[in-house]
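One chain, chain A, appears in both complexes that follow, with chain B as partner in the first and chain C in the second.
Coming up: the complex of A and B.
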């Protein structure tokens, strides 16, 4: 699968980036490609391109706060979780997505 | 019901995330200005010092908090059209002395009002441009503004006063108890969403000139990483290995992060042994909180870690609380964590994820 994700936590300096790492690690372990956009206090980094979004099978929104640019995903399949879930259980999340999308 | 509450919380968290840099900068400006002997400038026609201009700028920044929290809550609810009326509601909260709490309520009210207008008000095509530019901000400001002035303001001002009176009237033994509880709650999930609630409370009180909870929060944020580092050092002294090589590397990163009050560095370490670590750090932050509150240490700065200790009202108390809390955490860790074998020590494999219930989340669209 091709996945894209948007990650944003409240303080925007730590959880956001831990969640990003966990998501990437989990996705790659399961053999999927993933691109993660972080909306931290420093601003948006790793911004998803139009092409990224078009090609993606699913958008993971791991956000504790209101993020910008959500209209980009209007017609996409998405799953919304808290950053804590990504930190705690990224692998299980990817498995869940596999089960629901590929079945 | 739970979903609605989560929504409300999400809007508050959004506002806090926009607000944090403002609070930190303003708090540090006040602290630096005060250390240099600055005072709030009353009359700008008279000559003033650099120190006083820093203090004054910080105080102005603090005054911007209610508008900020209100404006960004409204933004989170209703997007752009919420910002202008949201900021106005915050100014009303300032004027009425309803401060932070008033700003939050104003933000929610005007945010949902604007959202309702956007969804239900239909205007002729030629007037569509006027909706976001004129109609929404003006009408929502009038309606919610009047409501704020004449209805909301009074009970909130009263509540704020009651809360401050209550905190100021606490005797010594209750200060220990409340300090402990506040210390534990403020860091129970290492900077995650649960701890944001008591921390929000502390920021609100800071605005009202109550500095105690803020000191508990700042010191409490440093205790878990420093305490875990102490635990590691103690474990070397007593020759009982409690951390793997991977965890040791994580501690080396978590320690300097922790000194600047980014508690999150301990998460990867805590995750591997959550209950024992939580118990140890919870006791540590609780003890630190109790010491801070008992000796009435206050912090005028809400964030910044060890660098704001000199700006606190009782820096020695702050240092003692930090050390005591960290030592407590360290000792408990050494006592209750399991000994690590050579094989486990070298294993680079992170432990398996804990079983987590994901049934509440579903794929949409």
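Coming up: the complex of A and C.
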């Protein structure tokens, strides 16, 4: 499946980027494609395009703070988690998405 | 590959041997943060120990900075930071810390970030360290480093 994610932690310095890597590792391990947008202390990186969002089966919002551009996902299937879940249990998260949300 | 991994980075811009202490004496989280903050002060990277450590403690209240597997990444974005940098310490005894695996830590990586960081390169170096920290084999190697040089070598590794 195709996933997109937005990641933003409280200070936008470390957890955001660890969470991003963990999500990519876990999704790719399970054979899914994923694109991750980070909203950190130096701004937005890897901004999701309209096409990315259109094609995505699910949007993962791994956010501890209010993020910008959420209206882009208004009509999409979403899952909202804390960044700590992405850091600690990204593989379980992907499995949960496979089993419950997209089945 | 991400744009920020293809640029030419030198990790020495944010971490040097002087910013590493593999023999921290701290026995609590507060002591560990203060010990590392003192190192940052001695190296001329922050203007004030109290100001900076208070910003770090403030961040600690917002959520766990223990990543699990014995590693914690406290961080402070503060007006007292002169130059964005890291200070890394290894404690002799495991220290109680709010961690994602509820276990104590013995490797502490303190991120000191300027409040108005104009140099995105420095932030990207910190990002690179964060990316390394997402790799279990890196964490394993980190927990077993014996010398400062070994640690610096480990940190200069390209995430893969």
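Note that in this section the second predicted complex is superposed on the first by the 101 of 103 C-alpha atoms of A that agree within 3 Å, B and C clash if a C-alpha of one lies under 4 Å from a C-alpha of the other, contacts with A are read in each partner's own complex, and residues count from 1 in each chain.
Please note the rule applied: a contact is a pair of C-beta atoms (placed from the backbone, for glycine too) under 8 Å apart; a residue touches a chain by one contact, two chains touch by 3 or more.
These numbers come from a predicted model, not from an experiment.
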item: Three-chain arrangement built on chain A, chain B and chain C clash or fit; value: clash
item: When both partners are placed on the shared chain, which of chain B and chain C touches more of chain A; value: B
item: Chain B versus chain C as contact partner of A:58, first or second or both or neither; value: first
item: First, second, both or neither for A:28, with chain B first and chain C second; value: neither
item: Which superposed partner A:88 touches (first chain B, second chain C, both, neither); value: both
item: Contacts of A:96 with chain B and chain C, given as first, second, both or neither; value: first
item: Which of chain B and chain C A:42 touches, first, second, both or neither; value: second
item: Partner chain(s) touched by A:78 [first = chain B, second = chain C, both, neither]; value: first
item: First, second, both or neither for A:66, with chain B first and chain C second; value: first
item: Residues of chain A that lie at the interface with chain B and also at the interface with chain C; value: 10-11, 13-15, 18, 41, 64, 84, 87-88
item: Parts of chain B lying in touch with chain A, wherever the complex brings them together; value: 10-11, 13-14, 16-17, 20-21, 75-76, 189, 191-193, 196, 257, 262, 264-265, 267-268, 271, 353-356, 358, 361-365
item: Parts of chain A lying in touch with chain B, wherever the complex brings them together; value: 8-15, 18, 41, 58, 64-66, 73, 75-82, 84-85, 87-93, 96-97, 100-101
item: List of chain A residues in touch with chain C within their complex; value: 10-11, 13-18, 20-22, 25, 40-42, 45-46, 64, 84, 87-88
item: Partner chain A, residues of chain C touching it in the complex; value: 2-4, 59, 62-64, 67-68, 73, 75, 77, 100-101, 111, 113, 117, 120, 123-124, 126-127, 129-131, 133-135, 159
